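Below, each structure is written out as structure tokens.
Here come two complexes built around chain A, the first alongside chain B, the second alongside chain C.
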Partner chain A sequence: MSRDFYIFSNGRLKRKDNTIYFIDCLENKRTLPVEQINCIHLFGEIDLNSKLINYLSQYGIMLSFYNYYGYYSGTYYPRKKNVSGFTVVNQANHYNDYEKRLYIAKSFVDSAVHHILKNMRRHKEGIEDLIERIQAERKNIEKVQRIDELMGIEGRIRKSYYKSFNKILKSDFGIEKRKKRPPTDPVNAMISFGNSLMYTTVLSEIYKTQLDPTISFLHEPSVKRFSLGLDISEIFKPLVVDTIIFSLVNNRVITFDDFDIDEGICYLNEKGRKKFISEYERKLGTTIKHRKLKRKVSYRMFIRLECYKLIKHFIGDEEYKPLKAWW
Partner chain B sequence: MFVILTYDVGEKRVNKVRKKLKEYLIWTQNSVFEGEITEGKLKKCLYEVNKILNKQEDSLYIYEIKASSHIKKKIIGIDKSFDDIFL
Partner chain C sequence: MEFDLNNFKVQGVKVNYYYICKRKLWLYSKGITMEQNSDRVMIGKLIHENSYKRLKKKEVLIDDMLKIDILDNDYVREVKISSKMTKADKMQLIYYLYYLDSLGIKKKGLINYVKEKRQEEIELTDEYKREIEKALIDIKEISQKRKPPELVKLPYCTKCAYYEFCFAKEEV
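Let's look at the complex of A and B:
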């Protein structure tokens, strides 16, 4: 039942009465029930002290920070409670053995492509050629022997995919080329914003499992980043973020008024971010009947299940089969 | 599951009960809390509140709604929207 809170106002976050209080700059108080919080996202200018951080750590609540433009800047990640040396050692083994690493990396890409094609088929008028091109490219995934080749395939698929956005998106929204740093048009801004939300969600789900977020397979593990989060969000980006963009634009929920353009940098303003996040939260809360578990499972839970499947794969329990949305 | 909790508690204990409930649910009005909660957490919460209550004088009513999609909430007057995810 835990949920995420998003703070846009400026103010102070503090521990009081054994729970969390948020006091905004006009001295309006609001309590956040500590037992209900999963993660707090800070978009405004917030004061907080170590007492709060200590308290949040007790409950394993993560704090994510975003800068003025809404870009993800970092997460306060409390001491991990679910640790298992055995799992981590096996996870690292799967990285060290190139064959094993390649298998997992391929699974991630294949699942991502599956979801990309699923999105494209839903809006297939006028993009049949792009779909075919991606399908042809997908066949190469099986044969690939090296991770950088795999990344190349993925890059080419993504390029065709983004090209199709111009046909899928109605109204005046369009995308010329994916630009990340910084995004220059509304669609790029939405992709960037959505991807950073996805990354934090995946990270908070990894946190609840025994996996080590720094050992990744598709992306090269390196210092200063939790690259396993990048790997797993690859699967969910087309499934969650891109469908949100399509529905927001095509239902005319989001308009050009929801973006600010400043010296060539385009970003969602507060109104736009709120629209995007409400849709994002709604999407993550949607449930689908799981075929194996025989019960309803939310998109957020699917992310966690992906982590559990990886653990099972690492400890040699069950071979990893990536999520391929069947609905 | 969704619950609505109302309480009528002696003056001495009212603050203690309110503070405890604030950890679990969203305060809607004086002596009224509501919110989405799991069964386990509700049990834990009620156990803790139970220790504060004086059974001879106080009362606490719990309305449980198993399917939260069945709730229709209407508001007359000021909507304080304390359950908003945006702050």
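Let's look at the complex of A and C:
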């Protein structure tokens, strides 16, 4: 089983023989066993060289970089080993045919809304009106004929959803409105942080399949991002990230001490990031008995299964039905 | 009409998959592979490496297509973990013998079942020749299909590397 490694301190990442070492600024050495690495997340200021990158590529290991505030800056995505021209051509066909593209985009949004409502129903006192509003809005998803209208619906749903955070979160934490760049309050800071973790997790699962991360359906394929990662993340953000935020706040695991504010930018400090990540990793490892596979499946594996279902859809095997968590 | 092997030759693993599951063969032939993620395949590789240590082995790559271990002048050898997939393993080996035969090289086959510490000898008969030719024609036809053969649950699905792929679906 491979896992993600997180490096918070400054230092140097290097390869010596068949091992990867992290040496921090105090010359402490930590060994990372190469066969067990899925992805390395670098939060500190890290030196590395091409010899290391080449080595990581051989093993298909991704590197994700975050800036000083812990906000995502980019991923080194090694050359893919699982390549299927047949799959990519068909994936592209589903983008080019607007009807087909719309079907997939709607599936992503509908699944996201399913998970949003699930979160809200679990904390329903005082937000019944918002739940109703979202349910009404959800009905329009089916009828919509254009991606931008679909995006509009999604935007309105998210607005109601984030409004409900003020009732769901049982403490002084609150959110005025979703602010992405830059987050200005702790809740926004956690959403941004969690969403970028989710994006990199989805990318690393896409990497293990034949899907092309650049061909997306809800988000416009972009030159800056592997936008299929953004698409699939929509499904899992409410299911994973938001439930972590609720539990960290409501169980008073995370407090105002875990955040810093710098020139108006609010961000999780090192202590806060560690708390968030440990909860995130725990959640991804949690298993649910799958109804069709008749096997226990982790949240991380559910992401991979979503990729498999998309491939099957593209190759004309089986129509894509997005995950709608039943538990 | 003479069978034209050049027109139909494939990697040995496809012959193997043909006898296990046509869907698996199709997916594999389209580059949709799962092997990297499968522990069982890793175990197979390890056993392969270890069990050959004592033997003098000569790995031959033929036509960039077949990787064959020829151990001595008479035998082509295959190592398998268990005897579960007998038919598929056997036909893969027979395909190697057939291929070599078409190049004018006459060999016999030997399958080593590591767990059971058992060996099996195989000879290329005319009957086998005809069976392989038929399989190769089928394999070509299946690989060229635009869609994968429909999913039918087989007894060994749960042990197959494609299990999660094939059975990932939603209840509706």
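In this section, the second predicted complex is superposed on the first by the 327 of 327 C-alpha atoms of A that agree within 3 Å, B and C clash if a C-alpha of one lies under 4 Å from a C-alpha of the other, contacts with A are read in each partner's own complex, and residues count from 1 in each chain.
The working rule: a residue touches a chain if its C-beta (ideal position, glycine included) is under 8 Å from a C-beta of that chain, and two chains touch if they have at least 3 such contacts.
Please read these numbers as outputs of a predicted model, since none were measured by experiment.
When the shared chain is aligned, chain B comes close enough to touch A:17, but chain C does not.
Once the two complexes are overlaid on the shared chain, A:301 sits against chain C while remaining clear of chain B.
When the two complexes are overlaid on their common chain A, residue A:7 makes contact with chain B while staying clear of chain C. Touched residues of chain A, counted separately for chain B and chain C, are more numerous for C. Within the superposed three-chain model, A:84 lies in touch with chain C and out of touch with chain B [touch as defined at top].
Once the two complexes are overlaid on the shared chain, A:316 sits against chain C while remaining clear of chain B.
In the overlay built on the shared chain, the residue A:324 is in contact with chain C alone; chain B does not reach it.
No residue of chain A touches both chain B in one complex and chain C in the other.
Residues 1, 3-9, 17-19, 22, 24, 30-31, 33-36, 274, 277-278, 281 of chain A are the ones touching chain B in the complex. Taken in their complex, chain B has these residues touching chain A: 19, 22-27, 35-38, 41, 45, 82, 85-87.
Residues 60, 81-87, 208, 210, 291-293, 301, 304-305, 308-309, 311-312, 315-318, 321-324, 326 of chain A are the ones that touch chain C when the two sit in their complex.
Contacts from chain C toward chain A in the complex involve residues 30-33, 36-37, 146-148, 151, 163-165, 167-172.
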